[in-house]
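Okay, so chain A shows up in both of these, paired with chain B first and chain C after.
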Partner chain A sequence: MTTIQYTPPTFRHKLSAMLAETRLRLINISRYPGQLVMEFIIPIVFAAMPMLLGQATAGDQAAANFAANTGTANYVAYLLIGANVFTIVSGAFWHIAYWVRFEQETGTLEAVYITPTSSPVLIAGVCLYSAIRSTGTAVIAFLIGCLIFRVNPFQGDIILALLFLFVGLIPLYGIAFIFGAVVLKIKESQSVLNLMQWLVSFLMGIFFPVTVLPPFVRFIAQLFPPTWMVNGVRSALLGVGFFLETWYLDMAVLWAFLLFAPLFGIWVFTRTEGNLRGNQGIGQF
Partner chain B sequence: MTAVSPHKKEPYERMSEPMATLSAFAAMVKKEFIIQLRYPVEFVASFAQIFLIVVVLTLAGLMFAPDGVQSESSSDVTGLVVYGFVLFIYLSDTLWSVGFNVRREQKQGTLEQLYLSPASKFAALASRVALTLLWTGLLSIGAAVLMSSMLGELPFHNGPLALYILLMTLSGTFGTGFAFAALTLRIKEAANTAVNLLQFGFMVFCAPFFPFAALPEPMLWIAKAIPLSYGVDAFRSTLMGYPNGFPELAPIGVELGIVTLFGVAMPLLGFWLYRKAENQARRRGSLSEY
Partner chain C sequence: MTIPVRIENLQKTYQTKKRQGLFKSSVRQVDALKGVSLEIERGEIFGLLGPNGAGKTTLIKILTTLLLPTNGRAFINGFELTKQDDAIRATVGCMLMGERGLYWKLTGRENLVFFGALYHLPPAARARRADSVIERLNLGEYADRPVETYSSGQKMKLAFAKALINDAPLLILDEPTNTLDLPSARELRAVVRELNQQGKTVIYTTHIMAEAETLCNRVAIIDRGEVIAQGTVPALKESIGQETVIKLEGVIPTQASTAVASLHGITRSAITSVNGHNQLTVVTPNQTAVLPQLIQTLSGHGAILQKITPEEVTLEDVFIAHTGRTLAEDTAQ
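Entry: the complex of A and B
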């Protein structure tokens, strides 16, 4: 008689499971090319709204007024950066928050939970998928937007801007885990996520510098990693000015978020998940 | 064994056709309202979301003003943005509430039951619009008050005519919603992408947040081919008291004609399209498919 012995998954196994989840999601989204095309269009249209309003109301003074208020006359790039970082941030929230609901709706949640792989490993795969999808579409949308509005997309310190973007992604996904926990708890949460998406866009200064906000709101905004991420990208590309005067101090703050936010997010998520599994069950929807 | 008499009296009193439709409509509105009440968080969140959108867009607009957030915009600019925003909320809510609710019934598995009942199909669609009218009306008033407090005094002229234009534009918008519901029955899950596409198309070509003059010439021609653009232009120009350069797309008489035609013909066209799509779905057996 052969006995089967359980061996806990090694790091290699976990990595393989994580990458399989990423691949599954990428294959899934590749079946919806229309949705991907929309992701290129949305940030451009979104940035075009204030741009067209500003051009129509301020006329020839649009660039000068914008420079006086934000620190750069290049309002096209400024607004496009804001709109694209916003799509990355909201993408992170939706993709992570809806991981469980996606599995619930496709009827695969129970199968996932009886495998020896832990849910944080699978969510890490979803994070990787989300980062590839959101960052890829945001960069392409930025380039297309710059071409449409005839501004040079390759200006400023591109390497530094990308560094701010990629470092900022990690604490961002840490926060997304917390939203994932909220969705687990309240289930049908589309409106709450919509609201959070707009709250985030307001706090990170999607179309304006957070310095225009009242001091208390500004303080809250600066506790939020995407605020540092978007300002870092704008400062690197357009020279609008770092919060702490130099790029390495702003980057240090982002690194502090990077060390804290993911651990805290995973802790909140696993705790919520554990509570739900111990009470009414996670499969209820 | 009991024989069934062909002349047996019905155990209930049959309502006259208009009363039956009205009763079905009232019951469906009540059902939609009860569903909304079951999600109080969603109710509050959707309201708060509108205010955040208003604040974000207003702050973005003020970045182009000489004194930034300290600026007080001219009342024409305020009117342009606020009244455009009101129509935008209505269109957006109609597309989601009419078109997407059909999808929700499909997902919940209750669409077939609705079709098996003798209830009016028009009442089923219109019931979704009724709550939109009420709820979005409240949202619009709230958003208008908030925006005018941030941007400056709101111009208000020609109230009755503006109300007529609003009603006709909304009627046309609801017709667009019916047509979208027909599309939803055909394209199913892709309806999510389609509604986004329509919304963003409206944001660009119907210029709710900026004057039509800001559009480049080729895009302006597309805008002129969309009846809803005339609704936006006529509505805000009328409320602003026709300042210099407004209405932008055509003389007000022509715009009123287009808006009236849109308001009368679009619901009929939309409902006709919906019935056609519904019959096709019934023939194919795809009504409950998702």
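Entry: the complex of A and C
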């Protein structure tokens, strides 16, 4: 053989590489069992705080007052859903930031970049991992929370709720990747993660309906797909009311985000990558 | 026939921000490569020898597509850099940054299988390839333990194993023995030699002169981002035209030593007596060329040689001749 052949990877090859990335991360996290246990507990504690505050302020009227503002008296489930969807959303940011930053430091980011697997394929693998990990823990934490606070988790339209969850995940990861690009560039994750955490939890309305926000802030909040995601899940399960009156219009908005956000996210990420290659390289930390 | 590596005038300038007080910063430029051109032939072990900071890693990172060059072109396995990067990545096996680049929570085998997947090997082939690499490098004893339990040398060997996972025709190794102890380093070099004999072309960077000398067919000496000399190891040594000394001991009759004095290629010679036998000291600018005829002439005139000590020119001498510095000195820009 005198010339060296190269056959570009097929779709199956890429899929297989993507799943290998997902599997790697799942194996990796399975070796930190304590971490996983904490993830079931944190959203419950997180939701318990406003519940207790609400009971303390409104006493017997808590449920009735809550219903007047949100459309459901079931504030326990409402807050649990908020906290658990937030777990998924903040998980997306954490997992991607952690992937970029940690692998930059350990040198594995460069190690995977010198393979013929392209970064969008790796990115997809990381997203799938994050989605599995955080929806898994969110659903389990929701069920445990319902058990602890004695509410029926199986009410409303569960299929529709899951649909909102899964459709919402995709634009969420699109946005998370813009964030990943920032981490890649500034080589810092802690401070930006903290900032994101508070901003996101406020904007998506984990403990209150965004309809109570002033119009301008509400407008900003509704540019953020997780806001639609959490409201969709709540509407499906608790009937709090869709933003655009019907479920399919709300779903259509999420689909619009879905078609646009991931492509934009990957575009920003690969551009940042290209920029870094032009100077000091993606592995510089 | 594809030349494994052809590099034309590669340049790389890093821009770094330099802090000046709290808010001010200025951009500083580092010219890490100042126009490097090289051609590496199929089946050779090509050494890149230079002190720390010479630009070796920068060059390797460009060749492995991690960095974009500021200027210049390169073809690797016949594929053009920056235009056919995926083909380059698929047909090169690399070991960069030593023991970094491994997943510590995973076992050695899990690491290899994972990287096999990223090189698009089918699942069964990944496992088989990992097995064969583990066997070849004797990793069996610890391949199924998490990497975090490995010694530094074991991690290095696993990193080397990773470079072999895609069975590429070209291996690019950046200081692969850097943190290894002497026996492990020797073992790794033996494997490199073996792989080379089986047809793999190797680029091997090092700042250790002896390593380049014993392992490489050809060497490029790189300093401050420039190739200052290149060629086969003997040719490089001859190129500086430095005179060296050969000491020959034994029973050396006078007619033998006078015959030597008139040989071509010998600058000076002197004979002394030490402990009842003779020692002939010969000064020559070209040891390799002179030594055979030297021995032949002496034996032909009845000398019985017991010990020959050629005092060799080393690549270090070559480096010193070109730069006035030793390889051990780091170069900072």
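The definition used in the following text is that the second predicted complex is superposed on the first by the 281 of 285 C-alpha atoms of A that agree within 3 Å, B and C clash if a C-alpha of one lies under 4 Å from a C-alpha of the other, contacts with A are read in each partner's own complex, and residues count from 1 in each chain.
Keep this in mind: contacts are C-beta pairs under 8 Å (C-beta built on N, C-alpha and C of every residue); 3 or more make two chains touch, one makes a residue touch a chain.
Source: prediction; values computed, not measured.
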Checklist entry - Which of the two partners, first being chain B and second being chain C, lies in contact with A:Trp198: first, second, both, or neither? => result first
Next on the checklist: Taking the superposition on A as described, I'd like to know which of chain B and chain C A:His13 touches: first, second, both or neither.
Outcome noted: second
Checklist entry - Of the partners chain B and chain C, which touch A:Pro116 in the superposed model: first, second, both, neither? => result second
Checklist entry - For chain A, which residues lie in the overlap of the chain B contacts and the chain C contacts? => result 32
Checklist entry - Can you list the residues on chain B that touch chain A in the complex? => result 39, 41-43, 45-46, 48-49, 52-53, 55-57, 59-66, 68-69, 73, 77, 81, 190, 192-193, 196-197, 200, 203-204, 207, 209-211, 213-215
Next on the checklist: Taking the touch rule as given, give the residues of chain C at its contact with chain A in the complex, in rising order.
Outcome noted: 1-2, 14-16, 61, 64-68, 77-79, 84, 86-87, 89-92, 94, 96-97, 100-106, 110, 113-115, 117-120, 122-123, 146, 162, 166, 169
Checklist outcome for this item: Residue set of chain A touching chain B in the complex reads 32, 34-35, 38, 41-42, 45, 48-50, 52-58, 61-62, 65-66, 68-70, 75, 79, 186, 188-192, 194-195, 198-199, 201-202, 206-208, 212
Checklist entry - How about chain A: which of its residues touch chain C in the complex? => result 2-4, 6, 8-9, 13, 16-17, 19-21, 23-24, 27-28, 31-32, 106-108, 110-118, 274, 277-283
